[in-house]
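The structure under discussion is supplied below as structure tokens; questions concerning it will follow.
Labels A, B, C and D are assigned to the chains in the order they are written; within every chain, residues are numbered from 1.
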Amino acid sequence: MQRHPAGIGSRTWVVADGYIPPRSSGPAPEMTSHDSICMLNAGEAEARVEVQVYFTDREPAGPFVLPVPARRAFHQRINDLSTPERIPPGTDYCLVVTSDVPIVVQHTRLDSRQEANALMSTIAFPG
Amino acid sequence: MQRHPAGIGSRTWVVADGYIPPRSSGPAPEMTSHDSICMLNAGEAEARVEVQVYFTDREPAGPFVLPVPARRAFHQRINDLSTPERIPPGTDYCLVVTSDVPIVVQHTRLDSRQEANALMSTIAFPG
Amino acid sequence: MQRHPAGIGSRTWVVADGYIPPRSSGPAPEMTSHDSICMLNAGEAEARVEVQVYFTDREPAGPFVLPVPARRAFHQRINDLSTPERIPPGTDYCLVVTSDVPIVVQHTRLDSRQEANALMSTIAFPG
Amino acid sequence: MQRHPAGIGSRTWVVADGYIPPRSSGPAPEMTSHDSICMLNAGEAEARVEVQVYFTDREPAGPFVLPVPARRAFHQRINDLSTPERIPPGTDYCLVVTSDVPIVVQHTRLDSRQEANALMSTIAFPG
């Protein structure tokens, strides 16, 4: 197995189009509408990831703290964050993801408000 | 809360695939087909954002001026721009977004012309 | 109007996931399944754009030559290229887009094989 | 034909949102839900590509070895990898793609769990 001791990626990532669709079609939790940050920590040290959430009309929320073990994938639905607060569905937001070691972040949304689901995804912006 | 005094990102961003789908299915405004630029100003100073719209067969339109407050998300549907002019649906265009402070721009389209909506998204190109 | 005399972007761009879905639902040409490269020439000189198409099991096709005027958007469906040859639907390919002046390229597919269309888009890779 | 002797791109690429949707609608194999890495080797030497798969709760799998000939496209469904093991559907993962010569990697998912398919795509992260 090829190892990447120092990790791969960046310590700062930005998602600018955050939004949790407020309704869903299909069986939960699989087809529940969600907005996710998918992260890879390819390095040999655990990552301490912090997520800050920016809104249109109030001060930012967070940090939401997520430990990502060494050599692990970690896909986090924004819907499921609860500490220090929950992110309301149907609300525009942006995310700044910071980590103490390099990681890679991809942003994906599944939107099942209408009968067949829609998907979108992009590698986040490495700040 | 972690602060980013100088902001994060770039002062120039490009969206090359601009298009407002000319029809919609589902309740307005939520499911109305739209093309959006989603912006984060993570810095401590208000951003003066200018959008220039390029077309296939005429000179560019704009600038459309959008102030984005410090530490705020700002998601702008291109459909809703009206000054100095409106962008017609069903027309190919590109966008150049400039800001006097660093921001991040993500481009997203919701297309509900057919019965279930489609989504696409990408971090714009930092020029 | 803000001008960008030297243009914005790169002279080489790569699209790795090329594919023209071989069937469509809905009125042509609007809802015809297609794979597109959407380009912006923000500069003050016409761009001479060349597209080379790479396949799985044969030598590359091209160049397809596309002039893009100064300060113009140009969205090209790969389906519509015909000189020096047509790109067959239902076939995997990749694109290398080169230009004599900086441009920006975004890759978008509309897939209407099933009843409601799907969309995907990404800024291409600046080589 | 324009040639790129040394290839174009990077030797390391990351996909952070890997997931094979566990069900499909429509005729196989075309409409089978899949997660793909689409690669271009624009250079004049064959590429030896290795894929390492990272999971949430176990050590990484791989390497999966894929030779990509010179001047060729190569689109690989993750569903179809079998040596040294198969990647289970319905499971979160991330990918690190390494190559001995520069290539470009784009990540695309077709999700046909519900009646009309959804699509997402992004250029991977060049590590």
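The criterion applied here is as follows: contacts are C-beta pairs under 8 Å (C-beta built on N, C-alpha and C of every residue); 3 or more make two chains touch, one makes a residue touch a chain.
Bear in mind the structure is a predicted one, so any value in this text is a computation, not a measurement.
K.L.:
Mind listing the chains that sit against chain B and also against chain D?
P.N.:
Correct list: A, C.
K.L.:
Give me the superposition rotation angle from chain A to chain D, based on Cα atoms, as a multiple of 5 degrees.
P.N.:
Fitting chain A to chain D on C-alpha atoms yields 90 degrees.
K.L.:
Using only Cα atoms to place each chain's centre, name the chain farthest from chain B.
P.N.:
Result for the farthest chain: D.
K.L.:
Could the interface between the copies chain A and chain C be described as same, meaning over half of its residue numbers are common to both, or is it different?
P.N.:
same
K.L.:
Using mean CA coordinates as chain centres, what's the chain A-chain B distance in Å?
P.N.:
The answer is 21 Å.
K.L.:
Rounded to a whole Å, what is the gap between the Cα centroids of chain A and chain C?
P.N.:
30
K.L.:
Could you say which residues in chain B touch two or more other chains, in rising order?
P.N.:
Counting only residues that touch two or more other chains, chain B contributes 114-123.
K.L.:
Which of the residues in chain D end up touching chain B in this complex?
P.N.:
The contact residues of chain D facing chain B are 114-116, 118-120, 122.
K.L.:
Could you please specify the touching residues of chain B with respect to chain A in the complex?
P.N.:
By the definition above, chain B touches chain A via 1-2, 4, 8-9, 25-26, 30-31, 36, 38-40, 42, 71-75, 104-106, 108, 110, 112, 115-123, 126.
K.L.:
Where on chain B is chain C touching in the complex?
P.N.:
12, 14-19, 50, 52, 54-57, 59-60, 62-63, 90, 92-94, 96, 98, 107, 109, 111, 113-125, 127
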